[in-house]
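Consider the two complexes below, in which chain A is the common component and chain B and chain C are the respective partners.
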Partner chain A sequence: MRLRSEIGVPEIRFEKRLKPPRWLGPATPPIAVIVALAIGALVLWASGRDAVDIYQRMARSAFTNPGAFSNTLIAATPLLLTGLAAAVTFRMKVWNIGADGQLMIGAVLAAAAGTFFGGRSLAAVMALMILAGIVGGCLWASIAALLRVYLNTNEVLTTLMLNYIAPLILFYLIFNSTSYWRDLSTQSARVFPQAKTLAEDAFWPTYGAAAAVPFGFLLGVVLALALYFVVRNTRFGFQMRVSADSPEAARYAGISTGRLLILVMLLSGALAGIAGASQIGDVSHRLEPKNLQLATFGYTGIAVAALVRYHPIGIVVSAILVGALNNAGFNLQGPDLPLGLIGVNQGIILMLVAASEVTARYRLVIGRRARRGDRAPPPEQATLEPGASPEQGTSDGTDERPRQDARPGEDS
Partner chain B sequence: MTAAGTATQDQDRHTVSARGITKAFPGVTANDGVDFDADRGEVHALLGENGSGKTTLCKILTGLYRPDAGDVLVGGNPVNFRSPADAYDAGIFMVHQHFSLVSSMTVAENVVLGWQRHKGRGFNRRQVEDEVARAAERFDMPVDPRAVISRLSVGERQRVEILKAFYRGARTLILDEPTSVLTPQEAEQLFVSLRRMATEGEAVVFISHKLDEVSALCDRVTVLRQGRVSGSADLRSERVDARGLARMMVGRDIAFARRSRSAPVAEGDPALELRYVSALDADGTTALHNVTLSVRPGEILGVAGVAGNGQVALGEVIGGLRKRTAGEVRLRGEPLPPGNPRAASDRGLAYVPEDRIGTGLAPGLTVADNCVLKSFRQRQLGRGPFLVKSRILARTRRLLEAFNVKGTSESLVRQLSGGNAQKVLLAREISSAPQVLVVATPTRGLDVSAMESIRGLLLEAAAAGTAILLISEDLGEILDLADRIAVISRGRIQGVLDADGADPEQVGVLMMGGSLEDAGASSL
Partner chain C sequence: MNESLFVDLLAAGLLYGTPLVLAGLGELLAERSGVMNLGVEAMMLMGAVTAFWFVQSFDGPAWLALLLAILVAAAVGTAMATVYAFVVVTLRANQVVSGLALLILGGAAGLSSYLAAVGSLSGPAARFKLPTYDVLGLSDVPVIGPLIFGQNALVYVSWLLVALVAFYLYRTQTGLHLQAVGEDPRSADAMGISVSRFRYGHTMVGGALAGVAGAYYTLELQPAWIDGITAGAGWIAIALVITAFWRPGLLLAGAYLFGIVTSLGFTLQARGVDLPPEIFTSLPYVLTIVAVVLVSSGWSRLRLRAPAALGEPYAREEA
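Presenting the complex of A and B:
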């Protein structure tokens, strides 16, 4: 006979909430951010810094300083687009983690288009660059998609491997060859390899007076809205929703799941490729292999999408949040504030937002015994733990609450 | 006897009780002031039409849902279950229709899985196996504790679920439509075990739409109607037969439609034809072997057989969900490409698969989406690449009304009661005006009046010229509805009989794998 208390281990477990309060879903991410800031403040104070001051500086350098919000949007743009790229496939349980590579190949082709067609009207150059980005992203994504559909290879592995190959191509083009992309016009450029720069009249425009909103960001917002609409209101989106919910039902309904998977991967690759084009057109104006490799936009985009459970409109918000954090972190780092500490704070925020999703559906129970009837349990059972049984909560598929996998078809 | 004395006696008798339980979901009150007692030593049936709140009540009793009002009492004291684990602690277990077993593990492993009594002490396999074997013997439920779940039949898996409950100290066992997935033999065995449990003083709550079973097995019945208790009877003191129970449930007599034998025998070329069709199961064993069948327009061909003899594969091969390894399927004279559900449905095949939720229906989508699951490509539902919501809703409303579905077009299918989900599926398939209709166990999980109307609709469809392949484990249903009966056993067609004058005994011989000569009938 061993009671739990004799062993001295308090019992901790998660219990599915029988009825999550309605307000809890939308309210959790903001609450999580506030809690995370509080925890981050403790960390800052513990390391002997003035948290209030640092937070004020963060807010200023992310939002209110002149030009700060523009920089936040510039940081948010690739995350918005790669976030959408991740959401499109992840919702369908196709794990395309290759947005990083797709973005790079998109950037390669967009840079070529930008330099090759430079001199025409800006609209034409932009359209061609975007098109080139789409082609590049699709090309890279199609490799994994075809391998998955025809050879049944795991897309996680293939897209990951392709993420390693893409920067090698970039490096080869700029550092190890005299390719079309390489600038060979001056002596110094021949010694210190660098890429051709776009003609100034091919730079993508910004809009707005108070803050310069980059064109890529606007494009991302339009695409997010379009995606939301397509999934809800088109026959193609209907097929996506059915497949996401139940692949077997999709097959039964005559939906060609292989074809759909390829289309969705291409859509995802196209979005990532547009992110690549925007990096060239909005930001760097030439191919910068090192920066693109270090930025890991594709991976951060996955986090951005997961934070809002793959809801396209939500991704706009979370991309701005993460963009602001990156932007502020970049500005704040200095002798008094090491980059690592900024990273810790960012990590706390992202982790808590992600974890808050669980708390919305589950409740943490510590040390509480189940309330029971007064019926004396049979002696051999007096010591039993309440078992977390496998059927708990999943019973027969009729959950009390509609599933909350953010589905663009629902407001979650 | 004093009043207090009676009260304590009552408390001793009831294992779990509901007092004034009310539970509302958006748009429906699933339970409305329900009083219910499960007593020691009884098998207590819970009856009611589809969507009357039976499952909801049981989920409240086992801590899966929390009531809006009212109390759950255990031993006379109110309890507040916050999770199924709390209900386990109080000895109340529910066996759901979808079992929660890990199929790669053994029976004994499944029984202790997640049960923390063994936590930190390792898992004494031998001891658990012994205990499981003892419980199996006690309730007359033979099962090998060392067997791997994936090799067990549905009936055996159900036994494992029940043994799991008793191993964990169940005093009240709730079974939600346990027999809908069992063969008649398995159901008989289950009844013996349930009676044994009652004799041993445990309480059994039994939900079923099969009223014969209820009348034969149960001690008491409580009838729910639109969430309220609308009647109850003590079958120990007054025998009530299936008809009487049906009257209690729906307030009128139920008359099942039958095929009129005077109808002219269907003529013409077969609308559906299978020639020497073979197919495999997922594990590579033979599912179908050289199956040859044909159904003419306006004809109902019943496929009778013991569950698990290839019926699922038969439906899937015709519906295009499973590839055939040999043979040919022809729809209205034209060969069907294998493994292509879309080609089949484009050529006028409607198909109600065995697996409803997950194959026939997408559970996480709305009823409206599910009503157009196959027809979303139709021009009249949209404009170009766009779907027009109002048109989908109009069609959905029509289907819900015609099939008397309790639920709104915006409900998710997973929120519907079992029978109502089934009705959505039948509504979509039958009303698509198919040339050929393949239905697997169409009335499983339906209440008596829904059963009555679905049978009527199948006959109407046949009268209108649809060729119907009726795959069912309910021989009575096949005898009532079919023109001819094909008997399937181990994936082979043992013989095809004229339903007119078919003798259930003969069919039984064929079902067990005998030949027509053994059965002494003349082949067609």
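Presenting the complex of A and C:
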């Protein structure tokens, strides 16, 4: 039986690369985007639509039409911030999927700060709104962070569940209670529930002549630069990098991984919370539960960050690109171009990026299967459990496997 | 608690727990082989939308439409699982990122929503619903009658599947091989078991079951289409597998507990309990967190732990 299955079956096999070619890293994102757009075109074509025409209209409504690029930047702003939020934790192989919920709770507190402190100087209101957003995001992220560190609970599931709980809080505040956030000033507002709107002098400013750049976007760019600097040049960044590459090494070096994990989760939550504050200050000027729930900025932010392998500066570019896609999809949505197509494109991009990780480490070999004797593992290692091998993950400086922490219900 | 409320809760728990049983069993098989299938939610949504589309457009008798709709949903789930297996087993990509990619691709704002828009599925109710049976004419026996003898077809299928999976895992050689693959792929490989074949196979069966679980929503629970109809049930199914310690029997019990909690709002509101609906809607999510916290801390982990190789790609040449 073994002979039949071992000999003569063509197979796809991977040979380990010692070093990935230099062009591969920068080439991956554009290739992923192009392939995703091509598959999207197939989906369009299969459902009887003119893909070329639709893509041309998408490009126009994202970039060249009057005011289009300003809208693209508005769409890119939350993605830039949630992208950074995803990048800080994913780089460390801590899976904060909860930016969506953290953004919403950040938006709740920022909206409260905006209406409460309205009428003071714009700078003061903005600072307080951002602070409130940070507090909200951190609060929501801290639940999963503390459960992970102190009770060893898988953060993928907790952050996801918190994403489903957060919008319910927003719905309650606006639609099912007479909370501080709800507008009760007029008869119609009492019948058709809606949130209080910020005073106009608390709206966040935009800058620039050719295209209006929202304040939140500039803030995001500054934070991306700051993050880049922090990761490269500070003690905290060093600890993050060591812990990302090898948690064992980090522990031996005396880095408190639990404390680091909480800090990173809080940083991530803070960034998502700022995205929430920016939604209130830059865009909607009041809490809009349904829009925030439908937008799924948190999940898209993960795609934005993964596309550029969690590089903070790259995230600025990729947020503009994905923001353009979102903006175009929003403008053209209708029977001709259902909004779901944008999700399809983004999902495929992320899938391709995830799949392309392998090309950095392995060379693809398609051919006949080698006989078993040709590549039997050394006998003393043959019975070792993969995780037990000390060379694993450090032999070429990369970690081939998801860290053990990614397992639910298991010690790391 | 009076008796009829108790029966109502149990009946609703069964009704709402069944998709969790189906999707959970699929996830259990995948995880036993060492693959954490994080695409369940997307597979459920795709199964839900394709089954619904099929039922709406198929010209033929109800039983055939429903049967084929369920098979279509299973096929779509299998296809998505095959893609996922290729990415995480063959290409050894990160399972969290790939699972999220599948979620964005197929999820509430992705392909399932696109297909619903293209097929103009929103609005009208499903033309056919799953039939309920009156087994042995016993469905009007008090208490156990409606619970055990008056259920819809997929409930009986799910019971059969739980028994089959339990038998398969513990009493067949292939099932024991599966456990070996999930616990120690290197030894399994040395025994001549094809690790990747097992992982592909069980991930694909898991995908099929997730697709059927999705179809259960549009053919039984809420027979109409709304984007994101499964509302996170796929993630709850994943959590359920963990809290059931990867055991089919416990999974069944846990799924019905979650079913009861999910339906608590409807059951209590029908009896005049006046609380904000958000509290009831959030209960399953809160319970999921609590359940995962309970099983991941404390002594239970030591004896009833996860398959040792769960989430880890296996590469023969990397000893």
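By our rule, the second predicted complex is superposed on the first by the 285 of 412 C-alpha atoms of A that agree within 3 Å, B and C clash if a C-alpha of one lies under 4 Å from a C-alpha of the other, contacts with A are read in each partner's own complex, and residues count from 1 in each chain.
Throughout what follows, contacts are C-beta pairs under 8 Å (C-beta built on N, C-alpha and C of every residue); 3 or more make two chains touch, one makes a residue touch a chain.
Not measured: the values here are computed from a predicted model.
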Which superposed partner A:245 touches (first chain B, second chain C, both, neither): first
Which of chain B and chain C A:176 touches, first, second, both or neither: second
Partner chain in contact with A:300 - chain B first, chain C second, else both or neither: second
Greater residue coverage of chain A in the superposed arrangement, chain B or chain C: C
Partner chain(s) touched by A:33 [first = chain B, second = chain C, both, neither]: neither
Partner chain in contact with A:218 - chain B first, chain C second, else both or neither: neither
Touching partner for A:153 - first (chain B), second (chain C), both, neither: second
Touching both chain B and chain C, residues of chain A: 16, 375, 377-378, 381, 383-387, 389, 392, 400, 402, 407, 409
Residues on chain A engaged by chain C in the complex (per definition of touch): 1-2, 5, 12, 14, 16, 43, 47, 90, 95, 97, 147, 151-154, 156-158, 160-162, 164-165, 168-169, 171-172, 176-177, 294, 296, 299-300, 302-303, 306, 335, 338-344, 346-348, 350-351, 353-355, 357-358, 375, 377-378, 381-387, 389, 392, 400-402, 404, 406-411
Parts of chain C lying in touch with chain A, wherever the complex brings them together: 36, 38, 83, 87, 90-98, 100-118, 184-187, 190, 192, 194, 227, 231-232, 235, 238-239, 242, 276-278, 281-282, 285-286, 288-289, 292-293, 295-297, 301, 305-306, 308-319
Partner chain A, residues of chain B touching it in the complex: 25, 55, 59, 63-66, 73-77, 79-86, 88-91, 94, 96-98, 100, 102, 113-117, 119-120, 168-169, 171, 176, 319, 321, 341-342, 345-346, 351, 353, 355, 357-365, 369, 372-374, 376-377, 382, 385-387, 389, 412, 414-415
Contact footprint of chain B on chain A as seen in their complex: 7, 15-16, 18-19, 233-236, 238-239, 241-242, 245-246, 248-256, 370-375, 377-378, 381, 383-400, 402-403, 405, 407, 409
